[in-house]
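Here is the structure we will look at, set down as structure tokens.
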Amino acid sequence: MIKISKFIGPATLLALAVAAATPAMAKDYTQFGIEKDLPGTCSYEATDAKDYSGRSLNVITHAIPVIGEPTALHAEQFAALTGAEVNVVHVPFGDLFQRIMIPFQSDQNAYDVLFYASLWIGDFNRFLEPVPQKYIDSTGMSDVTDSFTGVATWNGEMIQYPMDGDRHYLKYRTDIFDNAEVQAKFLADTGSALTVPETWEDYNKVAAYFNDRDWDGDGELNYGSAEVAKRDDLMFSAFISRAAPYAKHPDVKGGFFFDLETMEPLINSPGFVRGLQLFVDAQKSFPPGGNNFGLGDEIFSFGGGQTLMSYSWDDAYVQANQKDSRIRNMVAAAPLPGAGEVWNRDTGTWDTFATPNRAPYMTWGWSSAVSQMSEEKEMAFDFLCFFANEANAKNDLQIGRFGVNPYRNEHLDVDFWKGQGWEDKTAESYVSTLSDMEESQNRVFDLRVPGVSQFMSSMANGVAEAMAGQKSAQDALDGVAKEWAEITERIGKDRLRAAYANVVKLEDNEG
Amino acid sequence: MLQIDHLTTAKAKVSLDNVSFLFEAGNIYTILGRTGAGKTELLRALMGLNPLINGDIKLDKENITKRPIRDRNMSLVYQQFINYPHLSVLDNVAFPLRRQGKKKAQAQALASTMLTTVGLGDFLHRRPSQLSGGQQQRVALARAMVKQSRILMLDEPLANLDYKLREQLREEFPRLVADNQESVILYTTTEPREAMELGNTMIVMHDGEIIASGPPADLFAHPPTKDTASVISDPPISFISGFVRDQVLYFGEGQLAPSEGLQLPPDGPVTIALRPDAIEPGGAFTAKIGLSEFSGSQTIIHLDFDFGRAIMMVEGIETFKSGDNLSISIQAEQMMLFAPDGRNITLRDN
Amino acid sequence: MNKFYHTLKTLFLLGWSIFVVFPFLWALSTSFKDANAITSGATYIPWVDFEPSTQGWTSLFTNGSQGINIVGPFIDSAAVTLIASLVSLILGTLAAYGLSRFEYRLGFVKNADITFFFISQRIMPPIVLAIPFFLMLKELGALDTIFGLVLVYVALLLPIAVWVMTDFFAGIPKELDEMAMTDGCSPIGAFFRVILPNSVPGLVVAGMFCLIFGWNDFFFAFTLTFTETQLLPVSIVSLNSSVTPWWSLSAFALISVAPLALVAIVVERYMSRGTMSGAIR
Amino acid sequence: MLSSKHFFLLPALLTLVAIILFPLLFTVRVSFSSWDVFQSGLDFIGGSNYVRVFADDRFWQSLQRLSLLSIISVSLQYTLGFALALAVWKQVRGGRLLRVLFLIPMMTTPVVMSVIWRTVFHESLGPVNDILSAFGVGPVPWLSSATGAFISVLIVEVWQWTPFMFLLLLAGLVSLPKEPYLAAAIDGAGTWRTFWQVTFPLMAPITIGALIIRLIEASKIMDTVYVLTSGGPGTATETSSYYIYIRGLRDFQIGYSAALSLVYLVIMIISLTIIAKLLLRTLVGKDE
Amino acid sequence: MAKIVLENLGHSYLSNPKGEHDFALKPVNLTWEDGKTYALLGPSGCGKTTMLNIISGLVPPSHGRLLFDDQDVTSVPTSARNIAQVFQFPVIYSTKTVRQNLAFPLECRGMTPSKIKQRVAEVATLLDLDYALDMPARKLSADQKQLISLGRGLVREDVSAILLDEPLTVIDPQMKFMLRRKLREINRQTGMTMILVTHDQSEAMSFADEIVVMKDGLVQQSGTPEELFSQPQNDFVGYFIGSPPMNMITLEPNLGSLSTEAINLTKPLPAAMPVGNNVSIYQMGIRPEHIVMVDKESDSIGKGTIIKIEHLGVDGVVTLKLPTGVIIKAKTRKHTEMTLGDTFGIRVCKKNALLYIDGTLSSSLN
């Protein structure tokens, strides 16, 4: 019911009226909250020139604020610039899939524009409109990094409109790790030096050491690790991050979750089991209630200064570095911990690595698309193009709660982040961590196949059972593998293989 | 004239079983019977409230068995004081007139007159809940009578009232229904005194059947069956088992030869019915006094004989001591005999 | 009443009152917090424990990007709830009256079975119905409309109205309607002229239950709408993002509870008069 | 009479049938199809969804959990609601205010209040553990341990729905006759005996109605679990409807979830009927 | 068992009663002896229920004291008063059997099981309920349920009095008769004081050794049934006791005596005439039962024509119209032999014609 064009506050309305009435002076768009309009295919100026009055656009997006808030903001701007009516509905993550899927499956043209998690491409691809060439050629699109162009592509065709970049990486507190006193004490207590964890074993050890102590001296207890562990939240992503280095052997090709040839699930292979075991062990370093943390809790916990380390999306990092944050510039980024031993399924052995094996998880992020059923496809793509224009993207990156993260090459610029008030280490470690992931040859991608929710929900359930102590790690994952086989059976191996090949191509760096 | 033929209702705890009767206009019929005898069911069946599985109802020769309730031209007063809680007393009584299509003013004028007749002229604008029980029942009565319907039925209308109020309304009753000369009035009650006092014709019901009917005095004097006799008197008639052999009536150790007042049936078992006035103090029989109690000017004495219990009623207030023995006589003229099948087999000379 | 018992009772009432009020007080306090006030552990009293902020409240009346505007959803919610409650109440009252006064028979199906059929609708978990309802409303072109939601809510609320009113009518002596019929009303007339005017307590209770269950439904409001029609519970979950704005949620919760708190006052009034006896059984 | 009796029943009956019949029949049809996220439409796969239901341990466990949860929560609601109703039945100072107050939770939207409760139970940032720690207790793993999560869900359910019981029972209490109480006092019965011998039997019909209605509603518990624990930790608070929800709308296995729903529906109707009969027999002593 | 004394006992539901009419029960002194039967009789709203509630302890009286065996129990709670009560509508413990119902008061008092068993057996025999002991109490008929209520009082050996609050209302007339007798027998056998509240004068007369007639919160007269019948203290008692009510014939002061043209019967004029304008009303009260109808030719104090005959069974009520238009009622057993329009002579024994001045029995002049 958020009808932007109808419920606009009087003041804004006046400002917009002035803006619309005086196109000659319209080079200044600062009343929209941006620093300045940046040139580009879908710049404010370019969009301003379009007239969609009397037409309307239905948009479904995530709940406020993550993605939901920028959607609403840009919808409001787009409406003001073009005269269109833009209706935005905000849906919590857990229900976003079905809210999009039900109309799709019942041929109901409910939404023109969709914002959703990129991994659902396997299910949605049949219902999405390919991005027209003129938008692929747009200034914004050409600068999108290869990873995220890849994520948006299905069978060689771009059907998602990239507007966010996501990956998991490690976040830690520099005021502890770089503190000489703490380092000395750690050495004395454990016999090893305090370094940023290189492996998940290290991570657990450091987390355990710093758990349940008031190491920042604010009178409240602090904890070791904040992780997303709530079953139906995004816990499956956390698990993949943890398991990837043990299960993704740089020399083994042909599938991470499945063996692409046989389509046998690999989810209960020793690599995954090791990852799960470490996840289970890590629970003792969680804050109280930590094993029921959703992403929001994790952000509050690490971003609020409660915990020493965390890994997942950028949100907590940005939150920690907000202007009013108590721990601003006391955090740094690093690649996800790796593994000293990696399971090699070709040989059936554990291979030892001198330099820990890293397997960066290019986890799903937000993406957008236009429905095939839409009767306003042109306006829909214009809106997405406007949403992701240079000025908006830069603006959105700066606001932590928006959940928009670097996905263009120009975003990976230390100076830009320093310009936001980030200090050297905070900005540099961030940019280098992100850039390095782009370079990696051992990346892991989401299982972007039809029925991905079923696979992930089954996996999350198994992981949750192990975490809750209901089953051992091996038993839990055996159960998951069995269910995966059943799901595979229902979907059909060939159909699944065809979809999974898209993912394997990216992982094996053939894309 | 209301004629009912073979009325039968579906089997239930209490149901009508093949009831036929002819009711004449201008008469008051009191229907006497115990709780569960079928009195209420009969009224409800006439009204159309209880479905019939057999039988016909004819009003002035016209068969109205299937006619909707609202067109039956009957009214019914319930035992519970039921009025429309949401309407004033005046509107309560005007309600049926309004349904007949009368204008509001006219209906209210008629209602107001009727309410004055029943003595509620000062309470027109109260709600029924603000009245006493007796007054509420007067409202119900007024509402039933104001329609001047062909059949006016009253289902134990006084049962829930105070004793003296009951007495007073009974006294007033003939005057209250004086306007309904053309109607058949049916009045049910469990009290024999009330039934005898109010009705021209008394009908006795038992187990869903009409077992006797006639002028109250005749029925009282000659109840045709034992079931009738058992409900028709207050204080109740006492029953004693006995038998006749060789023209002598034996009961316990007592025996009685036929006399002027009473002839005896052929040999066989009989039930002897003793009215409260059939026993008098002084005489050949000996009884133990179980209890004596006053009732107004009379004294009711519960007697224990060797052959059973009986009740004697003597005029005046006299004190008898419980446990004492008393010699009494039994008046053959007041005695009745019933056959084992319940038939009245009393034979008298006159 | 001995002293021990009295003390026990007072403590129990006190304890329960605190339990009842606690989440509201917490929400009230939280609605004036900001991120810093929340992440630093539990705080309670503004100015003492934390610096109050009004962003939770202002966001409810601001548009678009800065928050969610609850005025529209509030009106939609009220419209759907009121219309559906009214329709359910009318249909339910008629049916309940019929079930309490007449005998129905359809093969082996009797009154009790029909009543059970009505009430059994509540046993159905909403998930069962989500997709079929979606398809049905799609065929009717009623998706994302107030009409469509009213239709679904009627199915949801009708059993409640039937349940309450059947019990209520069972408490009204059937002699009352019989009397009306002998006084010249048709069965339908008897219902409207006599029974209905005397059913206000039952209607109030049934109406109240309909309002509560209608107002508070989340699932169908969520599944069967897109953008045009949006109900209050749905707009609150649109705040349930991965970063939850506790302050807006709290303010929102307090606002959405307010209208039904008024209902509580009405209900209490009827209850203490004892007029509800028979209305609930 | 024939037509008017239908005038009353038919509008509601037909409306309900019209609204509910299609969804119901459709669900039956769908349950024989393999409608899934990757395959929309009604093919026919026989009873294989049902075969799967009977082998689905997670479903049967969720049903057990649901029984446990709804029986415990409804019993608690009944006991507490009755106690509260008894406590404010007779004159109490501020009685009216208390009555209004006690009613309010049932007026609130479960999904909204669950969000608030989630913040209340937040183990490090919420007030409950903070207050408990002042007494040296805790931190209690409200949402992160199986028992804790179960208890949290119980607490929220009790908070939300005890008022419903309170309302029904208090309305019943105020309409009770006085004489039996006087008789009990004369017989020398104390508070406890009076309750069990007088109040409780007199309230039996209301008790049955209230318990059944609450059991029906409680068995659908969904919003609370959804917001509070998402069925976790592990599957500790996963109830049947939540499980069906996951299968149906998260996994989008429409065909399978339809089969689950119908099996669930049949089980619920049968067990509620049995419970109702049992209650009727034990509380009212009706033989049928 | 106890003597019950009402000492200046009165009650007003108002906190600060201003006058007489504010009292639901006007202060009264009464003494009830142990072991007798009493009835509180009056129309609804007369205060009889208030009095009963005061005795049972449900209502604390605003004035006066209540003594059980000279002990002040005014503020003793119901449970400690050792009374038993039977209510208008049967009160039973519906979940219990008859046996458990009867045992309940003893269980509450912590009596030993063997003693309970013995008492229950005794009482069941007394009430003829042996056969029903193991039946669920709720399945019994209304009159049996009333017996159970009574039995719960009887099992206790410490009962001071059994209060009966219109216990026969819901009972069929025929059963009423039996139950009433049962109550009397129990009173005789156990010697328990019983107090019956009723609006039915015949019930009160037949049940009670002594009746308290009440109206508007005021005790009108208290005495034996015989006294109430033959010497009603005022016109209300004359009206309320007896059916049909007492005939009241207005008398005029005439030549030093009070007389009427209707019948030939006079009463002496009271010595002290009322002062001022207050003209007193003089009436002669004659019970219908005391009017003897004789042949119109015989010696009589007046003649009347029959205008109505009510047939009540054994006896009947005959309404006579005297030549002056005064209407009187007579009760007779010969009604069946009479017809409307017949003229009869009337005789009344002088002692049965009572003088009432302003509605109050003038005891000195009768």
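Descriptive notes on the structure:
Just so it is clear, A, B, C, D and E label the chains in written order, and each chain counts residues from 1 on its own.
Quick note on the criterion: a residue touches a chain if its C-beta (ideal position, glycine included) is under 8 Å from a C-beta of that chain, and two chains touch if they have at least 3 such contacts.
Since this is a predicted model, take the numbers as computed values, not measurements.
Shared contact partners of subunit A and subunit B, listed by label: C. Contact tally for A-C versus D-E: the pair with more C-beta pairs in contact is A-C. Among the remaining chains, A is positioned farthest from subunit B, on the basis of C-alpha centroids. If each chain is reduced to the centroid of its CA atoms, subunit A and subunit D end up 38 Å from each other.
Centre-to-centre, using mean CA coordinates, subunit C is 15 Å away from subunit D. Separating the CA-averaged centres of subunit B and subunit C is a span of 55 Å. Annotation for subunit B: residues 68 touch two or more other chains. For subunit C, residues that reach two or more other chains under the stated contact definition are 38-39, 41, 130-131, 135, 186, 237, 240, 244. Across the assembly, subunit E contributes no residue in contact with two or more other chains.
The full set of touching chain pairs reads A-C, A-D, B-C, B-E, C-D, D-E.
Residue ranges of subunit A in contact with subunit D, taken from their complex: 94-95, 97-98, 101, 105-106, 123, 223, 230-233, 286-292, 297, 300-301, 306, 450-451, 453-454, 457, 461, 464-465, 467-470, 490-491, 495.
Within the complex formed with subunit B, the residues of subunit C that make contact are 173, 175-176, 178-186, 189, 194, 197-198.
Note for the complex: subunit E touches subunit B at residues 43-45, 172-174, 177, 180-181, 184-185, 188, 199-203, 205-207, 225-226, 229-230, 239-245, 287, 289-290, 310-315, 331, 333, 336. Residue ranges on subunit D touching subunit E, taken from their complex, read 177, 179-180, 182-183, 185-190, 193, 197-198, 201, 285.
By the touch rule above, subunit D contacts subunit C in their complex via residues 1, 4-9, 11-13, 15-16, 19-20, 22-24, 26-27, 30, 80, 83-84, 87-88, 92, 96, 98-113, 115-117, 119-120, 124-127, 129-131, 159, 167-168, 170-172, 174-175, 191, 205-206, 209, 213, 216-217, 219-220, 222-223, 227, 240-241, 244-245, 248-249, 254, 257-258, 261-262, 264-265, 268-269, 272.
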